[in-house]
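Paired with chain B in one complex and with chain C in the other, chain A is shared by the two complexes that follow.
Moving on to the complex of A and B:
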């Protein structure tokens, strides 16, 4: 893909420029990984900027590392460095940055964003068994999240790489509607089948850029243990329902939870359902603008309440 | 589903201190009859009720969970019940989506002067939960 390599060169140029002038501490970007997924690179010297890549293996959401940096406590004797962090984001990842700014985790003055326009990346799970290396994005390899993506141009970017892509796709939530159309018994059977597979590796939690509680409820022992460690269905059900509620109205559908899930649980279908409902009921959408009020941090006198007596 | 007629549902009620708990008190002092299935937990505001509490109550063996607070606009903390309404509505939706009988979870607005309404709500909700039978999805076994 000629387009991708041109963008790659631009990303490297910008990173090199920022690092050479010393205006950023380091740049978080993609580097070639083993297998069909890129890995995160932390480029600290201008000379290393050529490690950065851009191709359809860049599926991961790097804002996780930005958040970790923002929440990190300084080491003993470490002086705070006021310079911002540079980060390479796809449009979907840029929504995470917006959401993190909205939640006052990321100070916009402390981040410089290289935003790439994007027309989809490959799903590594769909490439299992094929030759390792960047594959073209085709209907067979494209990640599911990209087929319903409504944002092909980055938000909040200091530098935009790539030409503007027209927004064509309208998300009809058909994957969610499929489950909604089932009878309650079928829905329960479906989720029972899916969630009983969960091994509770907590991969979905660890990789989620918006799961950042200092102490996670699933780790708590004192004063009360909320969740047992067994992988039986009731505990798994509790875990996934609570996790979904914690992300209700915040999830920006970067699809990382589903990508890392070793048991292929359709976690996005839970998140997307609440995303859909929050939009229908309250007109809120995560990651649209940092000026928006948070879903559960705001309320309206006229919020629907048809089930309340 | 109820195998024998002696089965009675366990219902956990989260009542707000300012309206519903006082309303329940009024139902008591007015000698109103309502089912004894409800176990009341007093919270300072319906906005205090985390969706986690409800799911945890189910896991600990509750057959139904009732959350009751002040009427919209009457909250002692101005907006607590509006916030509760958003969270709990989405939780109700999620339960429906996951096929976990949303009928086991109910929210109601009961003011301090509505002892009769509290009795009505508890009666109606107990009947609704009774019809659904024991809750086993979160407990993982026979109730």
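Moving on to the complex of A and C:
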């Protein structure tokens, strides 16, 4: 595996260069955090580029902040700044950029991408109780999403950091086989147990780069409410089912929803199952190419419709 | 005069407590939660993800039930749901969470007596467990908030793990009642047990490494309300409700009528000041429109407003908000940072004044 610190130095160099020339407004990257997760850093001056880090704690997907900026309303008196925003991405995160470009949320001219090659990062939950420091990615510490990841080289990168990594793993969706093998009753029991724990903090929604509705249906009060505020199984189930459906064929499996869940609900299982279904039924693969039609914005007369009666 | 209880006698104790609904920590899919239990807490239980405030103040609670009258236009027959009368036993609270209950006691009886909370709290007996095993851990800072890993504030009993048994101290008449109900499930503690318990408590104190110097935070907050500091600290914030929903002292709730066909329920549910809709007015105006306003509110509420209103600080040092924050926002860093920031502003103002002169 290429040396993480060499890649870190390269990330800093690129950010420093971009900021010094003024070609980007700021760079969104990783900085050292407390504990086992890197922090998002918003670097505005070339002199601060050394705050940026790259190591296996850089598990988070920073494209959320890119999307937030793209959809932000200008403050009173604020003049629009046409310069692009720099962002550090892993290959999985770069799929989000593709998806956001595809859905016309991000204008490719307004983003400059530092793309890192990657062979996996650590799951912070698997590092709890271990000594904090630069962790190694091992079979015990690797994030679940990385074990089924096929993409090790970033897409749409303006600058690539790291040597090309051969794409190795063929995705067989074996991680959802367990759910698929369950009878409807077993599935109900499984999800009942998992979703009963949900406290509806909406962390999964807030962290999702692709959950960007101006007003989420679950916050909607007028003309009527679609879901009660009460935190009980029916509402929890409805919330998670609707969110999963709205991500079918769009979710790129960055795994942020599952990472942030304070109740350890296996949200990725829902998303991965729908990813598989979208691929099987409609040939849709999220984050493959910005040239693809957006999943929810296209249809085909040959689309299977067996669930519409 | 202290007692002991052998770990293998706890199930027997619980079986004798027929007047009580017993709650304790259980491990569910790797997450510790408080549930109804019949036996001892699992070995090595850490702080639960959702604090045990949920026993006295459930996340969703029915306040009233009603139904539609014959015309179909009016709701009638409003009534309180039947209240349970049985006693409640919390078997295995961590001292920080139990201390937080004394905070909620003050809060829910301050200007209005909250009958739902007070009713359950009065029926409850609380057994705190001295932090041992994996606790206290690197996220704990209760001593900085005037607490202790063997603190007794709010507890009716304190149990300290001695290996095969617990050292049992009854602290209140409610605690004594558990002793008498348990009968010979408890044994008498000897000098050796007392000495061992003291050592366990001292070891717990020593394991806490995080410190929070909160002296001066309230004063700093007084002069930082409109400061750009809040832009910086809230920049990575997602606006999710994890820090507040998992906080043992956070207590905001929202009241809603849930109406289905001919009947309805008035429910109250935990709310979070980190959500945009929390402060949204009916007019459409939102006095806390951005995440910086909401992050700021969390800090001001915990370290200034509550202090002004009740003379207490809204944090017991459990560390949940730090450990579970998706973006690594650390309340200690943010609170301590206000002091440095306020100082820098004062110096800046001093320099400006000099320059003007």
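Going forward, the second predicted complex is superposed on the first by the 302 of 309 C-alpha atoms of A that agree within 3 Å, B and C clash if a C-alpha of one lies under 4 Å from a C-alpha of the other, contacts with A are read in each partner's own complex, and residues count from 1 in each chain.
The criterion applied here is as follows: a contact is a pair of C-beta atoms (placed from the backbone, for glycine too) under 8 Å apart; a residue touches a chain by one contact, two chains touch by 3 or more.
Everything numeric here is computed off the predicted structure, so don't read it as measured data.
By the touch criterion stated above, A:232 is placed in contact with chain B and with chain C alike.
In the superposition on chain A, contact of A:180 is made with chain B only, not with chain C. Judged by the touch definition given at the top, the superposed model places A:35 against chain C, while chain B stays out of reach. In the superposed pair of complexes, A:212 makes contact with neither chain B nor chain C.
When the two complexes are overlaid on their common chain A, residue A:260 makes contact with chain C while staying clear of chain B. On chain A, the surface patch touched by chain B in one complex and by chain C in the other comprises residues 232. Considering their complex, residues 28-31, 33, 49-50, 59-60, 134, 137, 235-236, 238-242, 245-246, 254, 256, 258, 267, 269-270, 272, 275-277, 322-324, 326-328, 330, 333 of chain C touch chain A. Across the interface of their complex, chain A is touched by residues 51-52, 55-56, 59, 72-73, 79, 82-83, 85-87, 89-102, 106-109, 121, 124-125, 137-140 of chain B.
Taken together, the chain A residues at the contact with chain C in this complex read 33-35, 37-40, 42, 60, 64-65, 129, 193-194, 197, 199-203, 205-207, 219, 221, 228-232, 256, 259-260, 262-264.
For chain A in complex with chain B, the residues that touch the partner chain are 179-180, 184-192, 217, 226, 232-235, 237-238, 241-242, 244-245, 248-249, 270, 273-274, 277-278, 281-282, 295-296, 299-301, 303-305, 307-309.
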